[in-house]
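For reference, the structures are reproduced in the following blocks.
Shared chain: subunit A. Partners: subunit B in the first complex, subunit C in the second.
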Partner chain A sequence: MKHVSIPSGADLGALYRQVAGDYPKFFKMDVLSKLGFLLTEMLVADETDRFQPREDRAVLVFSREGCVANDRHYAASMADFPSPALFVYTLPNIVAGEIAIRNKYAGETSAYVLEKYDEEQLWALVREAFQDRCTQSAVVAWIDCPSDTVWQADAWLVSREEILK
Partner chain B sequence: MNELINELKLKVIEALNLEGMTPEDIDENAPLFGDQGLGLDSIDVLELIVLLEKNYGIRLATPQEGKEVFKSMAVMAEYVAANRKK
Partner chain C sequence: MTKVFCTGCGVVTPVGNTPEAVFLAVRAGRSALQLYPAQPEPYMASLLSREGFNGPSFFEHIAVEAARKAVAQAGLDPSGPRVGMVLSTIKGNVEQIDSEDVSLAAAAIRIAAKLGVTSKPVVVSNACISGLAALIQGMRMLRSGAYDHVIVVGAEVQSRFIVTGFQSLKALSLQACKPFDAARDGLNLGEAAAAMVLSTQNSLWELVDGAVRNDANHISGPSRTGEGSYNALKYLLPLVNREQLAFVNVHGTATRYNDEMEAIALDRAGLLDVPVNALKGIFGHTMGAAGILESIVSMQACDAGMVLPTQGFSELGVSRPVRVSAQEMPTNGTEFIKLLSGFGGVNGALLFRKGGAR
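Here is the complex of A and B:
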């Protein structure tokens, strides 16, 4: 399976210009969605059928802190004028939707908040996602970002054969 | 009016995170929403409503009202000039 990661504290704007550059909405995303977006770009950039609508690919995002970094920004904005743009990212599953929208994936999208990084639990949940007949591959990501500058960001592109072997 | 238009352009670029965009990139008569112009979305409307209240003391009652006010940067500037409280 293909694996990519983004080092903690990396310049995400620079990375965006390097791996994408054609999706200005990126700059409106919270750090969780930015990382999910970039990880997926890195995973699927060389696919020949990129951007063809598909229902057979799932997006499964795991984290410990969810969207807490953005939640803090939103809470701070409430002291003055609550920001609608921050509010829309106060759910940890938005990242999965952002990835699906960008790539035209209409398969399962799920976001799990785990107590800690637990490899066994994570891959057991991934296997569950393949129990339907539709899912043939999945973008799986562990993105844990307690702040805008500190994170763990790893992603894998996995196939049904690799997961259910 | 040109000064106000430029000021608004700078505030909009900052509020909406229009990365890499300068005031010169924004045609003041182009539509702000839809496929042409800036291509802003419904969340951006809400941010613009907040921008008007925060910076100019203007309260729009509904997002629908914003549809008229936010037709273009020039229309927005005219509205601000006529209704600003600060």
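Here is the complex of A and C:
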């Protein structure tokens, strides 16, 4: 299965210009969504028919901290003027939605929070997600960003055959 | 495929602390929605009393309470290696963000420990469909063969963080919300905890199957074609016995866009002849608890042979002729569908069927 990762603290704006460059909404995203967006660009850039709408691909996002980095930004804005632009990113699953919108993935999108990166638990959850009869492949991501500058960001593109063999 | 049943339910709500009491409250149209003072503006919500509580986390407290009730009803020893736990919540302990580790993972571990669960818990945090997504996750864990029972618990407490956020989006109504009504003008927030024990052991109610689908359209606005909700329903339709379908219990937040979107999805799925009801006019939007709480109340209603009324609804205000139940209606149906939608473009549907052992 294909695997990509983004080193902690990397310049995400520079990486965006390198791997995408045509999606200015990127700059409105929180760090979690930016990482998920870029990881998926790196995974699927060379797929044929990449922007054809499809329901057979799931997006499964895992982390420990969820969207806590952005939660802190929103909490800080509350003292002055609560920011709707920050509030909409105060959910751990928005990153999966951003990936679905960009790539026209109308399949399952799910966000899970685990105590830590636990390979056994994470891949058991991925295998279980393939119980959905429609799902033939999935973008699987572990994106844990306790702050805007420190993270673990890994993603895999997996097929039903690879997962269930 | 392994059949999955509900062997126990537990609830903590402002209108009752047993499924039976909550069912009676809904039937009588008795809600706890009231206007709470706040700056810069007040908000209408259904909140739990904190009287007598002085622990560190009210959120974890109500989650444990609801789960304990479900475990007791199921007669389950939660400590076995083949008992799993799924926590559904959106914001957990966020009100303590300035002082504590507010990781949902840490909360799940503390809740599991209090219940005596020894397996690793998982948190499903999939916006407003979290409760349904967590039930679907519980079903999958049972069908994987690794578990015999899974405790699925959802909980949400309200906080300035959530209230100001929804106010900033102009999504809240200052009146009791009016799902599907022509005069609807927004949602109310709510607090609750609700839990189900799912099991491979035969019981009265079966969770047949469920699906999660994305609109792939917008992170905070529902699809104008009801794409994700329609696709989630479409996944279930081949499994539905149409003559037995008692009702669809919809999300029905009472925002202009959500209810219109659901009406379009129901139309596209060919479900305009099926009664529809929504429970947010009683509980408000209980977020991480909603999918589980509203499913429990719907099982109670089906057991009593009725479609519950939609509190707050009087005149249809969506573009499709959806059969919203304004008053209580009798039904002989033995199945219902629970539908939810949320930010991030997520939508969920789950089919429940009565017919197992009593």
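Basically, the second predicted complex is superposed on the first by the 165 of 165 C-alpha atoms of A that agree within 3 Å, B and C clash if a C-alpha of one lies under 4 Å from a C-alpha of the other, contacts with A are read in each partner's own complex, and residues count from 1 in each chain.
Methods note: a residue touches a chain if its C-beta (ideal position, glycine included) is under 8 Å from a C-beta of that chain, and two chains touch if they have at least 3 such contacts.
On a predicted model such as this, the values are computed, not experimentally measured, just so you know.
Peer 1: Could you let me know whether more residues of subunit A are touched by subunit B or by subunit C?
Peer 2: Touching more residues of subunit A than the other partner does is C.
Peer 1: Looking at A:A129 after the superposition, I want to know if it touches subunit B, subunit C, both of them or none. Which is it: first, second, both, neither?
Peer 2: After superposing on A, A:A129 lies in contact with subunit C but is clear of subunit B.
Peer 1: Can A:A96 be said to touch subunit B (first), subunit C (second), both, or neither?
Peer 2: A:A96 sits against subunit C, while subunit B stays out of touch.
Peer 1: When the two structures are overlaid on chain A, which partner does A:V88 contact: first (subunit B), second (subunit C), both, or neither?
Peer 2: both
Peer 1: Per the contact definition in the header, classify A:G36: touching subunit B only (first), subunit C only (second), both, or neither.
Peer 2: neither
Peer 1: Using the superposition on chain A described above, determine whether A:R72 touches subunit B (first), subunit C (second), both, or neither.
Peer 2: second
Peer 1: In the overlay, answer first, second, both or neither for which of subunit B and subunit C A:S110 touches.
Peer 2: second
Peer 1: Quick check on my understanding: which residues of subunit A belong to both its subunit B contact set and its subunit C contact set?
Peer 2: 82-84, 88
Peer 1: Which stretch or stretches of subunit C touch subunit A in the complex?
Peer 2: 90-91, 94, 97-98, 102-106, 108-109, 120, 122-127, 133, 137, 140-141, 143-144, 146, 160-161, 164-169, 211-220, 227-228, 231, 235, 342-346
Peer 1: Across the complex, what residues on subunit B touch subunit A?
Peer 2: So the residues of subunit B touching subunit A come out as 16-19, 43-44, 46-47, 50, 53-54.
Peer 1: Flag every residue of subunit A that touches subunit B in the complex, lowest number first.
Peer 2: Counting only subunit A, the residues touching subunit B are 13, 24, 26-28, 80-85, 88.
Peer 1: Flag every residue of subunit A that touches subunit C in the complex, lowest number first.
Peer 2: So the residues of subunit A in touch with subunit C come to 53, 55, 59, 64-66, 68, 71-72, 74-75, 78, 82-84, 87-88, 90-94, 96-98, 100-101, 103-116, 118, 121, 124-125, 127-129, 131-134.
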